[in-house]
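You will see two complexes here that share chain A, one where it goes with chain B and one where it goes with chain C.
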Partner chain A sequence: MRGLGSKGLAAGCVLVGVVLGVAVVSLVWLPYDPADTSGGRLVPPGGEHLLGTDKLGRDLLTQLMIGARIALVAGGGSVLLGGVLGVLAGLAAGFATRWLDDALAAALDALIAFPTLLLAMLVVAVRQASLGSAVLAIGLAMSAVVARLTRILVKRVLAQDYITAARTSGSSWPRIIAEHVLPNIWPTLLVNLALQLGLAVLAEASLSYLGLGPPPPNASWGRLLHEAQATVLTAPVGAIAPGVLLVVLVVGVNLVADGLRDLAPGRSR
Partner chain B sequence: MTGEKPMVPDRSPAPGIPAEPAALLDVDGLSVRRADGHELLRGVSFTLAPGERLGLIGESGSGKSLTALAVLGLLPAGLSAHGSVLLAGTQIVGARDRRLDRVRGRTVSAVFQEPLTALDPLMRIGRQLAGPIRRRRGLRGAALRAAVSTALDEVRLPERVAGAYPHEISGGQRQRAALAMALACEPDLLIADEPTTALDVTVQAEVLALLNGLVSGRSMALLLIGHDLAVVADVTDRLAVLERGSLVETGRAEDIVREPRHPYTRALVESAEAFEAEFDRLAP
Partner chain C sequence: MTRKFAGVAVALALALAACGSDPAAAPQEGAGSGAATIEIGSLYEPQNLDNTAGGGQGVTETFNGNVYEGLYRLTDAGQVENLLAESEKVSDDGLTYTFELRQGVTFHSGKALTAADVKHSIERVSAEDSQSARKSQLQVIKSVTAPDEHTVVVKLSSRSISLLYNLSYVWIVNADVKDLTTGEDGTGPYKLGSWKRGSTLSLEPFPGYWGPKPANGGVVFHYFTEATALNNALITGAVDVVTSEQSPDALAQFTGNPDYKVAEGHSTTKLLLAFNDRKAPFDKPLVRKAVSSAIDDAKLLESIWAGHGSLIGSMVPPTDPWYEDLTKVNPYDVELAKKQLAEAGYAGGFRFTLDTPNYDPHPTVATFVKSELAKVGITVDINVITADEWYSKVFKKRDFAATLQEHVNDRDVVWYGNPDFYWGYDNKQVTGWVEQAERAKTAEEQTELLKKANRQIAEDAASDWLYLYPQIVVASSKLSGYPVNGLNSQFYAYGIKKG
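Let's look at the complex of A and B:
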């Protein structure tokens, strides 16, 4: 499995790298202005428009490139928010007294049982549909999963003799957390966060597909899919292209997560 | 079992009765209770003078390790200590973490049973050793590295072990590294909780001899916990016998081995003798 794992890691890095490269390029160069509709509606691929245009006449490649940026920001932002909130809550629960720990665990289970889409709709109802709202909703939902994992990992580490030994040698709690707890839970957390990144990208696409993501003219892949739905038989590229890019990014992220898991210390023992 | 919690619900500190200067450790009427009131340790009292070696023996579940944890102020959550544990004049029972952190690693340190989990799996041995040395002696840089290799040398570990992770060295080496960590703090009292139980017999003898030599070389007091009467009596001056949470007999090691008074101690001695006899019969 190890050989396959490192090949998978390499393949995953290539796939994620492609999307990342496209997103970076989109910051400095785009084939057309995203609002440019001069090319005519539903132009087929080839010629001046490499992938054709959509039903409003906008260049599809331009939209996809901007979409890569949105997908990465949504995924990365959600993981950052969910990771920070989740690890802090998980640490608190892991160290808490029994009743507080029970209360936190119950709250986390309730939050995890709550569908992400429903939570997102609530957030959008309170705020407006935007990239920030999507990140907030996805990040909050993710933080519960991360917190539950962190809590269990912290408890497992705290039960080890080396923690007792560190306390016996007079280490304070902040030092023990920094030197022993975080390094020991970090590998597992990192793999989980990588998996969560893939899920977050999919979640943002779903929200955008439902119109709960960043509003037009921000071309999220999910919204491109939604807009291409009506013309899928006459102009299939408009639906296929964002779908393929989503698959590339999510599969790439998952391969990276798998590869990281195989590399994580402690697995080889 | 969950880990130790930062906030141990304990009583407020008992009034600071100054210890008699003779005793390094003065345990008086120590009881440990579960949250439901069940007593796991009942009124245990003993003292330990500086440089003295006391063996605490009893079978599994008799409260040996609990006694050690109570002395260190490290009882698991849900257990509470009552009575008095004076360690170099500091009351441990009910003390706050901040005060305990000052006592632990200076006055007292400990080695535990399981060498596999006693070391952080993701930290090189050298760095783990450096932590207590830096805190205790304030060494940095080259002086710290020199102190680490001296500490490894004292427990007869080659210097390359400093760069190894715990899974790269054997169980006996790990236990010696744990011993080096405990000794690096230069404590007045070393608590060794079944330090050789998880090791095989030949390694056990080595580690025990090493422990013995290092403790006597530093005139350190030793609280050695074990269930093997022969092993413990060999290293210690005095013995205390625990049975189901109560201290049933204390006295000089050779007296107890020669004429045990309590029936439980007698049973321990007889089983040790039966083992010896069987051993002699098989290998005369």
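Let's look at the complex of A and C:
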């Protein structure tokens, strides 16, 4: 994707914007009440139901719009949680030395080695299956990745001469972090967090597909995919539509991340 | 991940009328094809291989009649016939049964069947730690003795008209084998070949079998966790038959295709919205009736099964002798439901948590129930749980308000006579009728009493019986001799022929 440059960024913004727009609209307007089961079983697209209905007779477009909301909340929430935890842990590890650094690095590697889905199943087993549990699980898994990256970036910055200069001129560590470290690492972190957002959306869909995401009747795209699976031959739109939306959002997020990377200082070629 | 709850699902079965297990088969094309291995596709892998240790529906499907045999056998048509018991004598007071065992029967290990094995086998089902669903029905047995090698005497504390029927679920096992969860030692026509967990379980013909040899050269059960994958396996020829289709939409690819046969038999699997009858608000029959009337069962059935299956209105399926149509007792009527709620003191509705097993169709059904009950002011919080959680939280601890569950057994209305069952329905009259029915001298008397019990539980809306599943078997048209009423749990494989 490298080289798409600003065109890629623009395309990404459009794709993400579409999903974001749908999610925002769903807050104020929906074609049908999501609990309305009067549509008839698996009505084909067209007519009163633009994309048809599901087995229970609920409007598919309505479900998809709510799904956009859930996907964005899950993705955004996970990135927020994973970002905050990850950056804090990464800063701590970045400043640590010797055995403490080794121990933190090993702990992060161990956490990364743990599959997100397995971690999510543990979280769901302890808590209930819910959007919150999904965000918690995905965010925790993500925080390890973010922390490792932050640690490496921090180490690299700390090795620079101007840090030594700042130290000798009497700057406190918090000040060094605020004035030297964070400004130097945020572009890379931002790109990474954008990429993580796409992964988080996919992870939430996987969890919902497995029945570990937000419980019904929440219309997560993963749940819609699962429900449509048995009827894929008779009512293919039910399976295709949430899949297409997932692709749109994830590709969009990746294009944005890519564009941001190209814009990042010191990265442009 | 387990489907259908193990403990309740256990012995399932059938009692179905209709076809026997040997529909007119295509003429055999020589010994070669008759000895072919049959590939069976199923969604129900055993949890373990012991039906008294939570093996679940899967082990019944795989082993019942194939690897293990009982003193009696329940045929695909629902008849009880003699198997390892050659004959029985009943004392005049109905309290002493003397069974003569078939001679020349050996276990797969080579040991000869003796009366001591039968005594052990009955006692392990009724033992303290047994998880068998038939356990409570065998409590009537006071003692089992083995006066000689081939005679077993069972003494009862009261008459039990269902004793022979209940014994058809008791596997006769080798008394010397302590752990049957990973191995087996039965007397059936097949012995266990290999079990690759999560994948396949193969059965090989047992050369020392006392009866007729299986019509095939062995069977392999292929386990799937997902119906689409299972159907694909049938299309690609990886399996020859699917024991139980769980989605009507998959049928479209098989109906009208000459390469496949679709058989719709009867099932005994009921989908229940089971209330915790001990706890408010569901301790009030009026509240339960209101909930039953607020849910449009016909629409739900159409949503899930698209024209297959049927409504029952109570616990008894049409294939049980004491069936009657009770769908009118708690009709779908939203206004009636509102009135009943108001009368019960819940005019403003209420809120409850619905514990919902995480496998299909429960989450979809829960969604429907939530949307229906919202119309009468009741808010449903759906709590999705695994089958294991269901067993510990709902079945064992009774820590629930209401739950969804499939109850697969036939003749299981009697559980409403047990106030200790997980749903906690406690009506002295019903308990009395169920007890008397068991002690009945004639089948007519038993039928009359259980009909009364069935009507009463419907009047009290002890649970909400949402619908009765269809039983749909799809097989390659080259296959014959498979059970069509296969009633979910048992699936006799010895008559199946290919070609």
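Definition applied: the second predicted complex is superposed on the first by the 264 of 269 C-alpha atoms of A that agree within 3 Å, B and C clash if a C-alpha of one lies under 4 Å from a C-alpha of the other, contacts with A are read in each partner's own complex, and residues count from 1 in each chain.
Everything that follows uses one rule, which is that contacts are C-beta pairs under 8 Å (C-beta built on N, C-alpha and C of every residue); 3 or more make two chains touch, one makes a residue touch a chain.
All of these numbers come straight from a predicted model, not from anything done at the bench.
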item: Fit or clash between chain C and chain B when superposed on chain A; value: fit
item: Contacts of A:215 with chain B and chain C, given as first, second, both or neither; value: second
item: Chain A-centred angle between chain C and chain B, computed on Cα centres after superposition, in steps of 10 °; value: 140
item: Partner chain in contact with A:164 - chain B first, chain C second, else both or neither; value: first
item: Partner chain in contact with A:232 - chain B first, chain C second, else both or neither; value: second
item: Which superposed partner A:95 touches (first chain B, second chain C, both, neither); value: first
item: Smallest separation in angstrom, by C-alpha atoms, between chain B and chain C in the superposition; value: 49
item: Interface residues of chain A shared between complexes with chain B and chain C; value: none
item: Chain A to chain B touching residues, read off their complex; value: 95-98, 155, 157-173, 179-180, 183-184, 265-266, 269
item: Sites on chain A touched by chain C in the complex; value: 35-37, 41-42, 55-57, 128-129, 211-212, 215-217, 223, 227, 229-235
item: Complex interface listing, chain B residues touching chain A; value: 1-7, 9, 72, 74, 77-78, 97-98, 101-106, 108-110, 112-114, 117-123, 128, 131-132, 135-136, 167, 178, 181-182, 184-185
item: Parts of chain C lying in touch with chain A, wherever the complex brings them together; value: 226-228, 247, 249-250, 252-253, 299, 302-304, 306, 356, 358-360, 363-364, 366-368, 370-372, 374, 382-384
